[in-house]
Structure formats: structure tokens, C-alpha cells
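Paired with chain B in one complex and with chain C in the other, chain A is shared by the two complexes that follow.
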Partner chain A sequence: MDKVIEFENISKEYSGFSIKNIDLNINKGYITGFVGANGSGKSTTIKMIMNLVKPDSGEVNIFEMNHNNDEKDIKQKIGFVYDDNIYYEGLNLRDLHKIVAPAYKNWDKKAFQHYIETFDLPLNQPIKYFSKGMRMKASLVLALSHNPELLIMDEPTAGLDPVFRKELLNILQEIMMNENKTIFFSTHITSDLEKIADYIVFIKDGEIIFNHSINSLQNEFALVKGDRSLIDRDTEDEFDYINYKGEYFEAMTQNPKVIYEVFGDEVSIDNISLEEIMYFLNGAD
Partner chain B sequence: MRILLSNSSKEPFYNQIYEQIKSFILSDELKDGENLPSMRKLAHDLGVSVITVKRAYDELEKESFIYSIVGKGSFVSENNIALIKEKKMQAVEEQLQAVVSNSKEIGISLEELQEMLKIFYRE
Partner chain C sequence: MIYLLRRDLILQKRLLWLYIPFILIFVYSLSSPSLIYTLAALYIPYNALAYDEQVNSDKLLNSLPYTRLEITLYRYLGTLVYTFVSVILVSLILVLFNKSFSLLDIVIGISFFLIIAAFTYPLFQIFKQGNIATIIIVAFVLSVGLLSTFSEQMIELGNLFLNSSVSNALLFSALLLSVLVIYFGSWVLTYSIYKNKDF
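What follows is the complex of A and B.
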């Protein structure tokens, strides 16, 4: 499978926080969701993709190119959406269009018009009067109008209502009808990812804990519940994380088959949501 | 073809898609050779990830319900009735040859053989 983003042994030291020897591959033609707790390194990772932060060591390749040699070519192929609005608040979309368009070789006026109409955005109103959802849409319009091959978004759904989130997911899926497009975005709203993401990358304390397809996540992880008395020193090892609540235990396993062989019908083995996986992997209390 | 996915089902989406397409094929609602929607279109329409639909299509292909042609898409397998017929025909011919050579060895005439065959055929 073609890789659009490749991190090889990337490290970055900050005081009190570090990215540790990250390897990361993002497949072309798919949506990859990027999850992790606050301060786990999501934004730093995204900034390294965009060359806004330089790693201390290791190599970042985007479209098999390197920022040191081909930064301009790489940026032409990327659409980038931040969580905060980076544009001058006093400007309207017509002005912003004039400023942003010349920066891209492939700027597509028709695409710009199309998105303005689809998102129902006013061209003449200053951004400062936009609602949060409208600002998000404005950023998307400006990120998509040069037909980027790779769309990167940092928390695009943060603070948005369910109606708009649904709309956004729909737009993303429309983009994915083209198999040459790739989307990589971070979010806290895991239910959004469970529907449309093909791959999930989970980061914790600056380390990539997993990079799985959504199918293997559903198959390999399970939530197990049962009577506390079933757990002893030997059976405890079969679980990744165990929570005790009164007489019961609740645990995550990455090996539901083995659990079934050991406990049979004495425990319930259920699907686990991405949110619960994150909860357990972040060190359930 | 109308696929309905249930959020409350225990079955994962790919399995729901797999089961429903399979039943469309078995009930002939999807005809032999019919073009299935592209994976990306179906993913979009159902609001699920591309890889989920891909998994369902892969399973269907593994069990020969559908086949894919790169660049053209996925199709319902022509129910290999023609192929099955051909194979059976071949077996019948081989068995008849054995009957004829055995008959010749013990001097059964063609007329006698035809008589015997008529009796067996009617049974």
C-alpha cells in the first residue's frame, strides 16, 4: 500500500514532554483518525508533518519527499485545517480568497465557489462575525480549493454541534470517493471515527501505542465483565487492564478467543468502543 | 440493492454488509454479472469507512459470490451453472465409455444395452 506520510524514528524533546522514536505510516486513499489524551503529542506530530516543528532526529517523508528539499512541493499537495482560526478576523472570504489563491499552483476557483455555495457561507461578511461552525467551514473551503491530495486537520470537530459534525463527516466521505485522496485528522470525538475512519492511530505520552485498521480493532479488542472471584493471580494475566467495581470486574482484552477458552460463558465478552479502549489504555483507575 | 445497517446490532458493520449482499445474491435480487456499487460509493452512501466495505467485499470474493476486475469494479459471479453442467457432462461421458467397454468384454449388444439403459432411466 502506498504511504503518504512516513515518520522514521522521530524524536523531539521539550522540557517536561517528549516524542519518543515514533514510526508512523499513513496509507494513501484512506481516512486515518489520530487519537490520544490532551498533551499526548497529537498537535506536535501534526506540526511536524507540516514542518512547523522540526524533529530533533529521525526522518519525515511526505509523498516520498522531504521538507528540507521539497517543502514547497509538499505544501502544494496538502490542505491544512487548524483548530483555531489563523486568519485576520477583520477580513471576509472574498479578501481571503485573493490572499490565499495565488499561493497555490492548482487553485481551483470553481471548487472555491462550489464549497462556498455548499457550505452557504457569506463572501462579504468579516470572519469575526462568523459562528464557530462557519469558521470551521471557511477554513475547510480555503484548505480544499486547491484540490489537495492530503487533508490534515487538527481537532476539526472540537466545539461543534452534532449537526455540523455530521455534515463534516459527509464532506470527508465525499472527498474519499476519490481513491487518490488521504485524510489524517486528530479528534477527541471517537464516535465520529468509529463510523468513517479506516485506520486509528493512538498516541500516549509521546509514543504511538497502536496504528490499527478499524476492523482489527473491533476484532482484537473486547470488553469482558464477570464476577470478581474469577480473577486470581493466574487469570489476571489474560487481561490488559482490569477495573474492579464491587463484586464485579470489567477488563479489556486483546485476545477475546483465549478469554472465551478460559472462562467460557462465565463472563460476558462484548464489543468495546474506541472510547473505552482509550480509557483503558490511558491507564484506567 | 438496499443495505440497512443497524447500530444496535452486535454484528460489526462489515458483517452486516456481507450478509445482506449475500442474501441479495442468493435471492437473485442481484443478478449474475450485475455490477456492485464501488466500495467508495457504498462507503459514502452507508456512512461507513472504506475499509469496512472492502472487508465485506473481500469476504464475498473469497467465497466466490462476487469477483472484482481491477479498474472496473465488482460483479456478481455468474452462477457457475454452465461450468457445473460441463463437468457433469464430462463425467457422464466417461462413465458411459466404461459401461460400453465392460459390455463389449462380456458380449452385451448395443440393443441389449439400450434396453437396460431405458429401464434404469425410467426408475
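What follows is the complex of A and C.
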């Protein structure tokens, strides 16, 4: 499978936080969701993809190119959406268009017009009067109108109401319908991912915990519930995390088969939601 | 690169209407033409800096297909372009209002401005956002200091040249050239800081 983003042994040290020897591969043609708690390294990772942050060591390859040699060629192929406001508040979309469009060789005015109409955005109103949802749409218009092969988004759904989140997810699905596009986006709203993501990358304290397809995730993780008395020092080791609730326990396992062999029908083994996986992996108890 | 220049003008659309009134105020209130040239040259580049302070414009510019070298170089070259425009405008206004000025006024005026800019731009990379006023004051004081030392030597040098019957034009060129050397030295410094920055 073609890789669009490749991180090889990437490290970055900040005071009080570090990214530790990350390897990361993002496949071409899929939507990959990037999840993790606040401060786990999502934004830093995204900034390294965009060359906004330079790693202390390791190699970042985008489209098999390197920012040191081909920064402009790489960025020609990327559309970006950030959760903080990077566009000048006092300007309207017409002026922002004049600023952003000339940067790209493949800028498509018709596509720009099309998205403006589809998203129902005013061209002459300064964006400081835009709602959070409208700003997100405006960022998307500016990110999509040069027909990027890779769309990078940092927390695009943060602070959006459910109706608009759904709309955004539909838009992303539409983008994926045509051609070989790749979307990589960070979020902490896991229900968004279950709807549209093909792959999930989970980061915790600057380390990639897993990078799985959403289907294999369902096969590899399971939620186990049963009587507390079943858990002793030996059986405890079969689980990644255990929560006790009165007479019962609730645990996550990465070996559903083994659990079934050990406990048989004495416990219930169920599908686990992404939210629960994140909850257990973040060690919240 | 030219689009990055346009960016400043788009951002300052409204402020540009005030540019000529701004110059007129100085033409009326200041007796020294060279200071008028300095202040007029400040207007566009420093308004641009003020705009960039408001939002995380480095994050935008560096996400677009521009290199860090281009982004820093544009700021320095752009400033020269705007300075040139300001010289033309001020000269026209001075002629229109029948005020006398000499080539020396222009050379001194824009030299002073370019030195201020040469100090300001690297300082902007060293200090965090929100320090624009401090930076400008520091750059201003440093420039006055440098230029007063500089001018004494220039006068000495000038006398030397005058005695050896070197033309004024050559003297001005020498002054401008040295200022430009400092100015592009400042770019090298700015770029070396900017190159390794995280945004």
C-alpha cells in the first residue's frame, strides 16, 4: 500500500513533554483519525507533517519527499485546516482568496466558487463575524480549492455543534468519493471517527500506542464483564485494564480468544467502542 | 514572491487611504524633510508587522507553499519596495507644497529608516508576540545610537572625500550601500533565527 506520510524514528523534546521515537505510516486513499488526550502530542505531530515544527531527530517523508529538499512541492499537495484562527479576522473571504490562491499552482477558481455556494458562505463579510461553524467551512474552502491530495486537519470538529459536525463528516465523505485523496485528522470526539475513519492512530504521552484499521480494532479489542470473584492474581494478567464496580468487573482485553478459553461462558465478551478503548488506554479509573 | 507583497496591501486596504493624510501631517508639522522620509517609509512595513502580530500569520505562511527563506526575504525586499514608493510619494507632496528638500534629505531619511528596520526585524524573531511597541522603541534607540556614531564618521569620511573632490553622488551611494549591507546582514540574522523556529 502506498504511504502518504512516513515518520521514521521521530523524536522531539520540549520542556515537560516529548515525542519519543515515533514511527507512523499513513496510507494513501483513506481517512485516518488521529486520537489521543489533550497534550498527548497530536498537534505537534501534525505540525511536523506541515514542517511548522522540526523534529530533533528522525525523518519525515511526505509523498516520499522530504521538507528539506521539496518543501514547496509537498505543500502544493496539502490542504490544511487548523482549529485556531490563522486567517486575518478583518478580511472577508474574497480578500483571503486573493491571499491564499496565488500560493498554489493548481488553484481552481471554479472549485472555490462551488464550495462557497455549497457551504452557503458570504464572500463580503469579514470572517470575524462568522460563527465557529462558518469559520470551519471557510477554512475548508481555502484548504480544498487547490485540489489537494492530502487533507490535514487539526481538531476540525472541536467546538462545533452536532448538526454541523455531521455536515462536516458528510463533506469529508464526499471528498473521499472522488479520486485518490487522503485525509488525516486529529480529534478527541471518537464518535466522529467511527462514522468515517478507515484507520485509527492512537497517541498517548508522545508515543503511538496503535495504528489499526477500524475493522481490525473491533476484532482485536473486546470488553469483558463478569463476576468479581473470577479475578485473581493469575487471571488478572489476561486483561489490559480492569475496573471494579461492586460485585462485578469490567475489563478490556487484546486477546478475546484467550479470555474465552480461560473463562468460557462465565464472562460476557462484547464489542468495544472506540471511546471505551480510549478510556481504558488512557488509564482512566 | 510578488503575491506576498500584495498580501500586505490587501491587509492594509483601509489604512492605505490614510497614508497620504499621514504624510501631509508630517509635511506640515515637521521642519526636517529627512524625518518626513523616515516616518513615511515606516508606515506600510510597520502596519504589516502590527497585522502579523494579531494572528498567527507565521503558521499560515509556513503552511502555504513558501519556504522560510522566501518568507523572510520577502519582508526585507518588500520593505525596500515600499520605501521606494514612499520616497516618490513624499517627494511629490513636497514639490506640490513647494517645500524645499535635497537628495541628502532623502538619503539620510531612508538610511535612518532602514537601520531601524534592520534592528526591528531580528528582534521580532527573538521576542514573543505582543512586544511590538517595546521592539520599535528599542530599535529606534539603537538606530539613533548607531546612526550618530555612523554620521560622525560619515562627515569625516565626507570631508576626506570633499577634499579629494569626490562627488556628492558617490558619497551618497557609499552611505546607501553601507546601510544596505547592514540591512541585508540583518536579513541573514533574521533568517538564521527563523529557519529553526517552531510555529
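The criterion applied here is as follows: the second predicted complex is superposed on the first by the 284 of 285 C-alpha atoms of A that agree within 3 Å, B and C clash if a C-alpha of one lies under 4 Å from a C-alpha of the other, contacts with A are read in each partner's own complex, and residues count from 1 in each chain.
Please note the rule applied: contacts are C-beta pairs under 8 Å (C-beta built on N, C-alpha and C of every residue); 3 or more make two chains touch, one makes a residue touch a chain.
Small disclaimer: the values here were computed from a predicted structure and weren't measured.
Overlay on chain A: chain B and chain C fit together in the combined arrangement.
Touch criterion not met for A:132: it reaches neither chain B nor chain C.
With both structures placed on the common chain, the touch criterion links A:47 to chain C but leaves chain B unconnected.
Considering which of chain B and chain C touches more of chain A, the answer is C. When the two structures are aligned on the shared chain, A:80 is found in touch with chain C, with no touch to chain B. Note on the composite model: angle chain B-chain A-chain C, taken at the C-alpha centres, equals 140°, rounded to the nearest 10.
Contacts of A:91 after superposition: chain C is touched, whereas chain B is not reached.
Using the contact criterion defined above for the overlaid structures, shared-chain residue A:103 touches chain C, although it does not reach chain B. By the document's definition of touching, of the two partners only chain C reaches A:72; chain B does not.
Within the superposed three-chain model, A:215 lies in touch with chain B and out of touch with chain C [touch as defined at top]. In the superposition on chain A, contact of A:199 is made with chain B only, not with chain C.
The gap separating chain B from chain C at its narrowest, counted between C-alpha atoms of the superposed chains, is 28 angstrom. Common to the chain B and chain C contact sets on chain A is no residue at all. Residue ranges on chain A touching chain B, taken from their complex, read 29-31, 169-170, 173-174, 176-179, 195-199, 213-215, 218-219, 271. Every residue of chain A that touches chain C in the complex is listed here, in rising order: 47, 50-54, 71-73, 75-76, 78, 80, 82, 84-91, 95, 98-100, 102-104. For chain B in complex with chain A, the residues that touch the partner chain are 10, 12, 14, 40-41, 43-44, 47-52, 55.
Listing the residues of chain C that touch chain A in their complex gives 3, 6-7, 10-11, 13, 51, 54-57, 59-60, 62-67, 196, 198-199.
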